[in-house]
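Please go over the structures that come below.
Heads up, the next two complexes both have chain A, just with different partners, chain B and then chain C.
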Partner chain A sequence: MTIVSGKAEARRTLQSARSDVLRKMWEHRADYAYVLPAIAVMLIVIAYPIYYTIELSFFNTPPGLQLRDKIFVGFNNYGAILTSGVFWQVTFNTLIWTVASTFFSFALGFAAALALHRDFIGRGVLRAILIIPWVISAVAASYIWKWIYHSDFGIIGAVLVELGWASRPPNFIDSVSTVLPSLIVVNIWREFPFAMIMMTAGLQTVPEQLLRAAKVDGANAWQRFWHVTFPHLRNVSTVTILLLAVANFNSFIIPWIMTGGGPSNASHIWITHIYELAFGRQRWGVASAYSVLLFIILMTLGYFYVRALSGNERKDGGA
Partner chain B sequence: MSTVSETIPRGRSARRVRIDGWRWGGRAFLVFMLLYTALPMIWMLLTSIKSGFAAMQFPPQWWPDQPTLASYQKLLDPQNSVGQDFLRFFWNSLIVSTATTILSVIVAVPAAYAFSRFTFPGRNFLFFAVLLRNMFPAVIFLVPLFILMRAIGLVNTHGSLVLTYLTFGLPLAIWLLKGFYDNIPVQLEQAARIDGATRFQAFVLIVMPLSAPGIIATAIYSFIGAWNEYIYAYTFLSKNEQLTLPVGIQRFFSENTTDFPGLMAASFMMSVPVVVLFLLLQRYFVRALTEGAVKH
Partner chain C sequence: MRRITVGGAVLRGAVSTALTISLMSASALAAPPVDLSKWSPEYVRSIAGTQDFDTAGDCAKVTPLDYKGRLTFWYQGVFEGDPDLLRQYYKDFFATFRKTYPNIQLEEQALTYNDLLDKFRTALLGNAAPMAVRLQILGGTEFASKGYLQPLKPEDVGYSTEDFWPGAMKAVTWDGVTYGIPTNNETMAFIWNADIFKRAGLDPNKPPATWDDVVKYSKQIHDKLGIAGYGLVARKNAGNTPYRFMPQLWAYGGGVFDEAKANPTYKEIELNSPQSKAALQASYDMYVRDKSVPVSALTNQQADNQPLFLAGQLGMMISHPSDYNVMLDLQKKATGADKDKAQTVIDNMRYGLIPTGPDGKRAVVFGGSNIHILKPEYVEGGKVDEPAAKAIICMWTSPEWSLKMAYAGSNPGNLNGFKTKWMKERLDSIKFLDVTTSMLPYGIPFPALPQSPEIMNIIIPDMLQNALTGAMTVDQAAEDAAKKVKDLMGGGL
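Then we have the complex of A and B:
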């Protein structure tokens, strides 16, 4: 197949039976100008880093050495990761962190969206207040909660003592057994509003007539929810849960500022661990290998994400 | 529909009780959520108007005995070093966030429009490639981006942050806006074309004004994202006079670990601009999500 010149192409009719990709691209050459800036930015800031991370994962960079003096070590970095005990501990923490945060953020956000669906006085104000934690900076949120959990002067500890439920304020974030749940509570505080916004938007697309028809047919509140509302929200739920899962999997700020991964790695999750390996201990090769493993996990999640989204697209095309 | 007609009608009284139960359950739940959401913020405010001594007491002063605005005065006073730093960080955040917002809109609007209207080869691939950016954590990009920024001479400049933040905001911005454009009838543009407008004129004169709410939502989203960003600012900037608020506050309070009223006052003031902006414009944001992300 020869590359068709613009002049020859002009003579052809648009209804040409052959679907020549190059010709089509040429026809649509002006369209690309619209997406070019977005694609260019993405390429510089995404494609290059991905390539560089993969390359670096096969090298060792002893501390004190310049990055360009890296030493090729093959798959050693990967082997070192998978045989280390810290890896499994951090993976376990990440799993708990991601699943618990995602589940409770979604459940609370969805429930709040449902409870706020019926109009009442002050609904707008209440909704606005519930969204605020999502808007404020995670750094500010981390400091607020660090102060609330403070082992000497924290308000939760003080309330527990006042009520007589504890003899002295508990160490929420300084103790191995309570640190992860305590941080998850903070993360849910920041994230449930996102689920609430998404599900509020989703609820508005449920056709009123269907709900009214169901009511006329005698369906009770739960039946209307389960048989009419919920099926309509399946797509938006999937997208919301995936976005939450990815965001939680990629969390950094809350554990980093509140505990720095401690005590004894009990609140280290993947991202904080990678950050510490790279910028704390200068082990760029191992950190990059971690990142590549992370890519693989995220690409798997991404596959479902795209499928959920293109599921929407296809339905759109059919309608 | 079939599922609905299959459901069994229940007795009137039983249904009454059930619905009321749901309603009261909903109210109780909302009260719980309000407490969960608001109490930490109220405690932040109450702590910020205490003196350092009053904050460090056990049992705590539930309500400050002697409320004082000293922490705020200290942070906002250009005469002392704390105030100078805080105001500079504030200004830096404002510059970086505003620049990011403007560039995001300029880049996202044409891209979203093209993804919505045109059917060029590779459209779906490029669209999902853009969305996939959301999948990757910032940490992965830190090292290579740092090296890249050094190569193009942007390390320790606000430009490095603006360029990076642009890519966070773009995927969702493009996605939201695309949904918006999908809902603007093509016929409007066709009419303009028949009246002699070029495709670009039709875009600027017809589509842009109609999509203003979507653009506003996109702008808010970009601004908030840039304002709150921490990791890149933490890694890319080392000079004190260039830090943005989240990093600046962290640096400052890692040196003054016990000044909790100051820390709470700073957290509050860091939150004010984004919260106000969001509350003023949240209507557009929720609408953009409804139109864009959800409806399809």
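Then we have the complex of A and C:
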């Protein structure tokens, strides 16, 4: 008897929950109607390409055949990727590129935000100047840096030789050991203003009265930063780092224009390698398999990004 | 300035004979408009300006001049390394076409050598290709083998197959069917700075005879003057790299396959042969051992060597005769002392035949471009206006325009171009032109295979970069490249 009433109770709860959901959906029908066009567009320009990329990752596309004549090879493309030496080299490069670019861009951006947080004459001009790398075209920046780094007649090399600090121009982008760090420097130069803007916005949310109270209580500058400012910036920092990480994982312009992934694959990261596989070598299948793996990684990062945002909203709501 | 006597050199050497025969297929022996067996600078001079052609009249027989239609057209156009003179001829061509065919709505798009293949492939995947395309010689076979191109032979636009270089016709033929028409064909030459040679203790009027000499001279120039000796280029995905390395590879007796032979079969891979390794070793010796070439060779292309040469910082390079005009253009832009310095370099610029290998083999890439018509199903809108496409193809491949569009840097695809008055004019105005026409008999076409673009644009530069950066030894780099070619030919992933 108890069991039967328990089941009935559960059914009633379920029905009530369902009707509650339906009721809420009905109440928000206008909202759904508003987002419907966006969802339809997303399905066309995002969902279908994702589906097609996944499908293509199970096919071989030799250069002598059209894409429509592709050959089904199951998981062979994934196997080929994971057993290829280039994959591990490119993955290692991508990790170095992403971690170093993200860390230093954030650190530099945060430092710049802190330095420019205090009011002083010329602060606005300085902020505007520091934002320049972020607003100029990445393509233009890549070409400029290519000439700055040029191994035979680059500006840096010429200055060093002129000052007598080097007998010949340093080799920045034509050496397997220096090319990636050199490109990372360019990437940091381009990205740190973004971190600076985000952290500047975050700093403006730190309550002034808390800082004053801490000062009255005898806290020194470091203590005020660590115990008052930094906790308030934790969420914006997380979001900034995640956005930088996703952007760096997806980088293409700087390495492609400056080195094309060379020399000897030393500056190939995932995206440039995928591009070369697809458009240079027409290995659409292998390139798609790479893209699927990249998609999984980025979705994971995206999950954490959304979670961080939701956390912010909950905290903001709670406050 | 001393004019280089190269006619005698052209006629010497067994290799040149063999390669001339290779370029003259059986069909070409039928009735070519010029006698290829007599090919020499003197012969070219003797036929220049001997015949007049009526381009509009000839093309009117293919497509009436009042024809109304629409044409989308992509072409490999001029780029930063080309002289202003060529830019003007491109402008003139499209202006003349519009004047000749006022009712054809032409939508043309110029792309650089390095971008065209990628963009064209992408457009084909989306059935958004143009109706007609002018591609680099390397691309014809790839797209013909995949079935994107319509059969198209010179006879379809009023010319004869024999009017074109037989070697060039091979590059537009797949499975016995012709899918395009050559617009221009080129062979490069060896360029050196006589003043640098003199200052380095070398004979200023004598270019290196062999590739081993190039290595030696490059080192001597670098050691004595502290500048780069030879303009090595090893950038990936850039046409300049195979155009400069393949002559070296072939001269040493190597090759990707047997493409340097009179009747290549493309069956055996020869990239890891001792001869191919010797050629790679020569590049290694210059870049790594002697450090006598630009360090930036791995990320640079020929357009980057040009300012180095003009600045007197580079002793030798391989390029077109148009580089002389490029130097003149660059010199005009220079100011102050740089202008005089550039003039000194131009005055000391010398052209000669590309050096031979240890066994006396001389080789150069038989390059150029072809023009094609796409099948309607791959074209945006699903329709091809064939008369309009044939009209532009007829004009571009005419004796007049195939010469004008190759005025400074190349040779007309249509052999009748050599007979025009413009050929006579350019022989007088384009310095060193006869040196590069002299190289034509030594020209070797890239393997006529759909895999050639990947081999030439990616595998060969990768091999060079692997050896030159020390990522692999010369042996390993050659073996690695041979394996990649084998995998590619086997349809591997």
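The rule we apply is simple: the second predicted complex is superposed on the first by the 297 of 319 C-alpha atoms of A that agree within 3 Å, B and C clash if a C-alpha of one lies under 4 Å from a C-alpha of the other, contacts with A are read in each partner's own complex, and residues count from 1 in each chain.
Just so it is clear, contacts are C-beta pairs under 8 Å (C-beta built on N, C-alpha and C of every residue); 3 or more make two chains touch, one makes a residue touch a chain.
Model, not experiment: these values are computed from the prediction.
Chemist: Counting only touches as set out at the top, which of chain B and chain C does A:F279 meet: first, second, both, neither?
Modeler: A:F279 sits against chain B and chain C alike.
Chemist: Identify the partner contact of A:V41: answer first if only chain B is touched, second if only chain C is, both if each is, neither if none is.
Modeler: first
Chemist: With both structures placed on chain A, which of the two partners, chain B or chain C, ends up touching more residues of chain A?
Modeler: Touching more residues of chain A than the other partner does is B.
Chemist: After the superposition on A, what does A:D152 contact: first (chain B), second (chain C), both or neither?
Modeler: A:D152 sits against chain B and chain C alike.
Chemist: May I ask you to decide whether A:S137 touches chain B, chain C, both, or neither, giving the answer as first, second, both or neither?
Modeler: In the superposition, A:S137 contacts chain B only.
Chemist: In the superposed arrangement, which partner chain does A:A213 touch: chain B (first), chain C (second), both, or neither?
Modeler: The answer is first: A:A213 touches chain B but not chain C.
Chemist: Between chain B (first) and chain C (second), which does A:I271 come into contact with in this model arrangement: first, second, both, or neither?
Modeler: First partner only.
Chemist: Using the touch definition from the top, say if A:G260 reaches chain B (first), chain C (second), both or neither.
Modeler: After superposition on chain A, A:G260 lies in contact with chain C alone.
Chemist: Considering only the contact definition stated at the top, list the common interface residues of chain A for chain B and chain C.
Modeler: 67, 150, 152-153, 169, 279
Chemist: Residue numbers of chain A touching chain B in their complex, please.
Modeler: That would be residues 21, 24-25, 28, 30-35, 37-39, 41-42, 44-46, 48-53, 56, 67, 108, 111-112, 114-116, 118, 126, 128-133, 135-140, 143-145, 147-148, 150, 152-153, 155, 158, 161-162, 169, 189, 192, 197-198, 200-202, 204-205, 210, 213-214, 217-223, 227-228, 235-236, 239, 243, 246, 249-250, 252-253, 257, 271, 274-275, 278-279, 284, 287-288, 291, 294-295, 298-299, 301-302, 305-306, 309-310, 312-313, 315-316 of chain A.
Chemist: For chain C, which residues count as touching chain A in their complex?
Modeler: Going through chain C, the ones touching chain A are 118, 121-122, 125, 142, 145-148, 228, 234-237, 294-299, 307-308, 311, 313, 450-451, 453-454, 457-458, 461-462, 465-466, 468-472, 488, 491, 493.
Chemist: Where on chain A is chain C touching in the complex?
Modeler: 60, 62-67, 73, 76-77, 80, 146, 150-153, 169, 171, 173-176, 258-266, 276, 279-283, 285-286
Chemist: Once bound in the complex, which stretches of chain B touch chain A?
Modeler: The touching residues are 1, 3-5, 7-10, 15, 18-19, 22-23, 26-27, 29-30, 33-34, 36-38, 40-41, 43-44, 47, 55-60, 106-108, 110-111, 113-115, 118-122, 124, 126, 128-145, 147-148, 163-164, 166-167, 170, 174, 182, 199, 224, 227-228, 230-231, 235, 245-246, 249-250, 253, 260, 263-264, 267-268, 270-271, 274-275, 278-279, 282, 285-286, 289-290, 293-296.
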